[in-house]
Amino acid sequence: MHTLNEEKVFKDPVHNYIHVQHSTIWRLINTREFQRLRRIRQLGTSYLTFHGAEHSRFSHSLGVYEITRRIISQFERSGYSDWPSSEKLLALCAALLHDLGHGPFSHSIEEAFHMDHEEWTRRIILGDTEVNEILTEVAVDFPAKVASVIAKDYVNPIVVNLVSSPLDADRMDYLLRDAYYTGVNYGTIDIDRILRMLRPYQGRVVVKESGMHAVEDYLMSRYQMYWQVYFHPVTRSSEIILRQIFRRAKELYTEGYDFGFMVKPLPGLFEDRLTVQDYLQLDEALIQTAFLQWTTEKDAVLSELCCRFMHRKLYKYVEVESVDLEMIDEIRRAFKQAGLNPEYDLEIDFPTDLPYDVFRPGDEASQKQILLLDREERLREISEVSDIVRSISGIHRGKYHLYYPGSKVKDVISSLPDAVSHIFKR
Amino acid sequence: MHTLNEEKVFKDPVHNYIHVQHSTIWRLINTREFQRLRRIRQLGTSYLTFHGAEHSRFSHSLGVYEITRRIISQFERSGYSDWPSSEKLLALCAALLHDLGHGPFSHSIEEAFHMDHEEWTRRIILGDTEVNEILTEVAVDFPAKVASVIAKDYVNPIVVNLVSSPLDADRMDYLLRDAYYTGVNYGTIDIDRILRMLRPYQGRVVVKESGMHAVEDYLMSRYQMYWQVYFHPVTRSSEIILRQIFRRAKELYTEGYDFGFMVKPLPGLFEDRLTVQDYLQLDEALIQTAFLQWTTEKDAVLSELCCRFMHRKLYKYVEVESVDLEMIDEIRRAFKQAGLNPEYDLEIDFPTDLPYDVFRPGDEASQKQILLLDREERLREISEVSDIVRSISGIHRGKYHLYYPGSKVKDVISSLPDAVSHIFKR
Amino acid sequence: MHTLNEEKVFKDPVHNYIHVQHSTIWRLINTREFQRLRRIRQLGTSYLTFHGAEHSRFSHSLGVYEITRRIISQFERSGYSDWPSSEKLLALCAALLHDLGHGPFSHSIEEAFHMDHEEWTRRIILGDTEVNEILTEVAVDFPAKVASVIAKDYVNPIVVNLVSSPLDADRMDYLLRDAYYTGVNYGTIDIDRILRMLRPYQGRVVVKESGMHAVEDYLMSRYQMYWQVYFHPVTRSSEIILRQIFRRAKELYTEGYDFGFMVKPLPGLFEDRLTVQDYLQLDEALIQTAFLQWTTEKDAVLSELCCRFMHRKLYKYVEVESVDLEMIDEIRRAFKQAGLNPEYDLEIDFPTDLPYDVFRPGDEASQKQILLLDREERLREISEVSDIVRSISGIHRGKYHLYYPGSKVKDVISSLPDAVSHIFKR
Amino acid sequence: MHTLNEEKVFKDPVHNYIHVQHSTIWRLINTREFQRLRRIRQLGTSYLTFHGAEHSRFSHSLGVYEITRRIISQFERSGYSDWPSSEKLLALCAALLHDLGHGPFSHSIEEAFHMDHEEWTRRIILGDTEVNEILTEVAVDFPAKVASVIAKDYVNPIVVNLVSSPLDADRMDYLLRDAYYTGVNYGTIDIDRILRMLRPYQGRVVVKESGMHAVEDYLMSRYQMYWQVYFHPVTRSSEIILRQIFRRAKELYTEGYDFGFMVKPLPGLFEDRLTVQDYLQLDEALIQTAFLQWTTEKDAVLSELCCRFMHRKLYKYVEVESVDLEMIDEIRRAFKQAGLNPEYDLEIDFPTDLPYDVFRPGDEASQKQILLLDREERLREISEVSDIVRSISGIHRGKYHLYYPGSKVKDVISSLPDAVSHIFKR
């Protein structure tokens, strides 16, 4: 593990400075694969709701690395014997690279094309890439080890737990960073205190009991961020349009439609045969460029959707009760009769379908639990001890929403049956 | 002037909330031309130096609008007779739209193609655009008025002065916003105090004398921001590469080179015949997409430059004395003999050539002065009163730098004459 | 209502500036009675736990005034007809003066001497004071009106509700201010949003439904502040010692003990016959001076307690279960037998006995409820609508603690019965 | 050097946490002498100008300790051979205790009674105190060493330089802390970067050249803080009254006046024969208590001055030119003729007479210089390299002000000669 002659730093608004001390980390950051993360936004389409949220997965990945570095540094200073110091570089690399496979507008594109960013992370780390070359210089089996930590099946569970747990560097960085860039103040957590309270213990990272209140505060912040930012209905609206664009473009491509603009690697995406090199060409600049070009496509569905997304003419939404959902077929029929296209002009959405994880203390998988360690070295799951965690963890929030093109529906609303039109008049 | 039924707000990390009270402002924000500013970064290539600086001109424009709104609101509350209240909407629209014509990586593209964003702002406001349509609804001559305020030749000088002066909403927003997103703390100014100290007076916006210290602090912040952020040599390096790419692509286009990737409106850009509709297609997503595609072009110069920019393999730089500059022809010759291409492999840079304005109190144009108004209603230019402003305004900083491809020069350095190689060995 | 020629401002770390526009407010701030609040800490003995918490009730009172001013200003701008604009100055004066009667280390001294700061506020406002003189200049019955608003029996309920409610300016200022000065980050609330969401409605201040999440966040912040700051066991320890000093000094005074240091108005305090002028002499400087002088008193109990308080040698504490409490008489007997003084060497404490109010939504008194107003102008109590509020409001936290002099108990611990010594060995 | 079993922390608004790792430091903090610093404000009377500035020398001393700890920790991590690691505890103790001898309202009381807080620090460290006892446990000569570092004559110059230099922990903490508690934003410096740029070099702490801009920013912040906060004319007004009270009380005491309130150790103060134990009784609570009691003294001069101070009825001030100062005897005569008391009713003030040190790069004493170390290991004084430091260091700011009781002078102004009254009419 080569130490740099002089520590390198990145100025970071969230952590003030990101400190790089090893040449492997420095060189990984300078690979084209890692630099590509500058062109993938951390929060996908959230910038259409919170205009400040333009921050990239590059920034976030540096932040996750930095928090991991601080945790390990604390472990080393405290001299905890349960921390295997030989795994330091492995943990740092896994932290830095854990999001390497994210595609443009990740959640939406994965849903539309049944892709998996974790699989792509693995392929990039193990494939013919600059990242792989640098990792291989550490040891021939080092790329596989890094991939294994990210895949959560590495042989040494504490390394996995450090990188992925309900209180990991990933979650701490995104809470702080997303709060900073959106401007909301829900995500302010006392990270210094939490880091000081962590310790390695029997193959896991646990929290000293005196850190319980800081963890409570972290879980409440997370709760608020999910509902105020991540599941914001305006963001959901833009994600729905995004998915519809992908769906429509693939339909057209499959039908042999002649696109006015088509560029590599989009055909590979539509045909589900992307190579690693193709995948690395995919970024949000390309997606936005394609969409802007497609605003003038002949296909009316595609061009309208692209106009909506690029010029931010999003769908409207109404909150509906489950009783309304029973009417969904009736609504679709009515839309069709009124000349609308129910396949694109109506979407049902329920936020908890999303691939986000609100913390659930009852989760059986112990890797998903937060454990407190008391002075007598007893471990207890946090909701056993904390009233507030027990209280909020029982909450199942989330409402059904219908999304639809506002003016189109307004134009035909008088021709809809009362039971249907009533829903859209609220 | 139609008031909205309910005030609309945007959550903003810098001003906390942006308040929109008039439907004209609301509708302008929702035009496709204004939404396009989301795809133009406020700080151009600075994100390659400060990874957090991904914020857009959309955010900045909202911020300038908000500060202007607060200034006018203070003028109204204070009941200053020198403020023409009938000009409020005009001032707000001009503040909101003043950057509408910025292209992708504005300073570099303007330099490369001799474009002028102010001229494009005018063309968009007066052309066949959604913005023009909304402004025309206010009054037939309203678009022309807005353009005239931005062009600084509007008949009522206080409106011009409010929107463009050394202490205007534009500069206050960018200092605060750029400091926030880069994470540096040089740009923290007491904007509440400055706003409270402004008053309209005889066709100008002046500062009450008791606000002098807050203005001193603002000017010192600005001074630091210029040298720490705006003129950062790493940012300069990326701008040089950007300009070289534009230069090379235009050369090739002019020669009839067959690009592997070429898309509208790039031909118009190279042929200097862009329409307003073309121009609105130009954004940073398109530029980045073209550059990424061009990383595999046959032309070695273009593909190498695009790799450098997209994968952030920037030029190295050395600071040089004026005596070294006298050797520039010798260096060029030596580079050529060593097989390098002096047209692309060597650039001289001097920051104050840039289109940024460090405040110079001696400036004759009174519109560029900051005037203090004392209790006896005497006006004095700030550097007459403030020691610190007088001191810093005399400073002519800025060093010459040579930029060059590091490894290429290193490969041939032993073959260069000593006098030349010596410079690049520092 | 005389408007000042020029708005006056106070620089404030929490609100940035406090704005004073009326000469009555300005003159009230400059009275000796209001200036006395500089010598009463906002958080009593909390500075012994959080060293930054030296802020005064003077600062807090200005903050409460400022928030009230902003709320009313928003009401005026929005043109709400339910706000009686003629009551503005009354509301501002009541907000500014609501804490005027606080004594030194308020909660402890009130408990020790059965005093009531609200009653003293009334007496100061209605007595022969500078404050009374200035209020009387507004109108002869104005002092009585101000007192009545603070006593919550003023005829116009919305003025009362504005000044005292679960979401009033008092609570918002102390959350923000106490978080700022202690340095904890639990108290960060989005006050701008909350203020914007308030509206006067049928004699109450209610919250627009779209402000629900900001209110949730405020209630969670408050919850955390109570448990992390206000009920901190170290602070409780210092309060217990403080009360014991007052108790002992009164005992001694009553017995005719000859104090080495005794100064007006302490005799009046011990004899329960303080005049307003006496009361205004009472401040924390006097209490601290008396205590420091008393560290060398002959009476060993008094001098030890004063040493403990002034040199911060606080009591230790153990958390006990209710089962332990049943043993309290046994513990007292054992302490006595071991030569300790159970009257002073043992105290039971349960935080919710404190005069703080954690929000309880089920509270019958409607003035203690937070009401949400939806678009159909229906009012609903917040816990009906918010899952999170309902969840946290059911929590009855708080543990019993025993406080005791650590080294004294340690010295005799071997002579205590096992069942007793076991408790103090934890 | 005994390491604590578990690191102790103090929550601090400025540094987030203060970390204590050695039992000696922990025990020093818990001495009565160090706890006394809680009752000495860091900024003296500034709280009468900035109401938030109630922070104590206790907080500041912890902050200085913490910054010193971080600097040494960086030295150790970097493995600099010029740092003598055996001096760590000495440096930490000196940093913690450097302000131990400050009296109440330090600058004013020192001026009034010709005292010297550094001398008192020495006496407390070497005297019969808890601090001395703890230091002696480290080594018999350890108290003398600590005193010597604080007195700047310790044999190992780098320890002295670390604790006292133009860029020391003391100055960095007070800039940040005073900015935080007053609420001004002039004092925001990038302390992380400065700390990272420091290194021990040939018996001094120097700055790596790449830290120059951070140091420039620090010096500009300091410049602004001096003029905006430390020399604020309202603060000067309260300090003048404070000194007058001390002067008057001593005059009366010397004349054998019978004070209504007099308490130990005030007689010792007036007779200039304070013991260490007396001195430790002196705190701001005592001074404020005496002053409040003296507001009802028979002596009209004393009681008026005490009313002014305690009820904040401060002197007014006018800025005067040097030409006005030539008239000072004439003004005094005129005041006397008009029945005023020129000894108390008129004071001339010039801020740079104060014991603060604005950085002067030309200072011969090399210990007062900031040295930059470049890559070739050349040392240069910062003003040789930095244009901005050279510019601001030449500024000699500061105006003469006359302070006087506003209403008293107003009452007689018509009877003053025109040349005199003219000055007070501005």
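To keep things simple, chains are lettered A, B, C and D as they appear, and every chain counts its residues starting from 1.
Here is the rule we use: contacts are C-beta pairs under 8 Å (C-beta built on N, C-alpha and C of every residue); 3 or more make two chains touch, one makes a residue touch a chain.
Quick caveat, the model's predicted, so the values are computed rather than measured.
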Quick one: how far do you have to rotate chain A to sit on chain D, C-alpha fit, nearest 5 degrees? 180
Two candidates, B-C and A-B; the one with more touching C-beta pairs is A-B
On a CA-centroid basis, which chain has its centre farthest from chain D's? A
Return the distance between the CA-based centres of chain B and chain C, expressed in whole Å. 51
Averaging over Cα atoms per chain, report the distance between chain B and chain D in Å. 43
Based only on mean CA positions, could you tell me how far chain A sits from chain B in angstrom? 32
Quick check on chain D: which residues sit in contact with 2+ other chains? 16, 184
Quick check on the complex: what are the chain C residues that touch chain A? 184-186, 188-190, 213, 216-217, 220, 223-224, 227-228, 387-388, 391-392, 394-395, 397
Applying the document's contact rule, which stretches of chain B touch chain C when the two form their complex? 7, 9, 16-17, 192-193, 196
Which bits of chain D are touching chain C when the two form their complex? 10-14, 16, 30-32, 35, 38-39, 47, 50-52, 54-56, 58-59, 62, 180-184, 261, 263-264, 281, 283-286, 288-289, 292-293, 307, 310-313
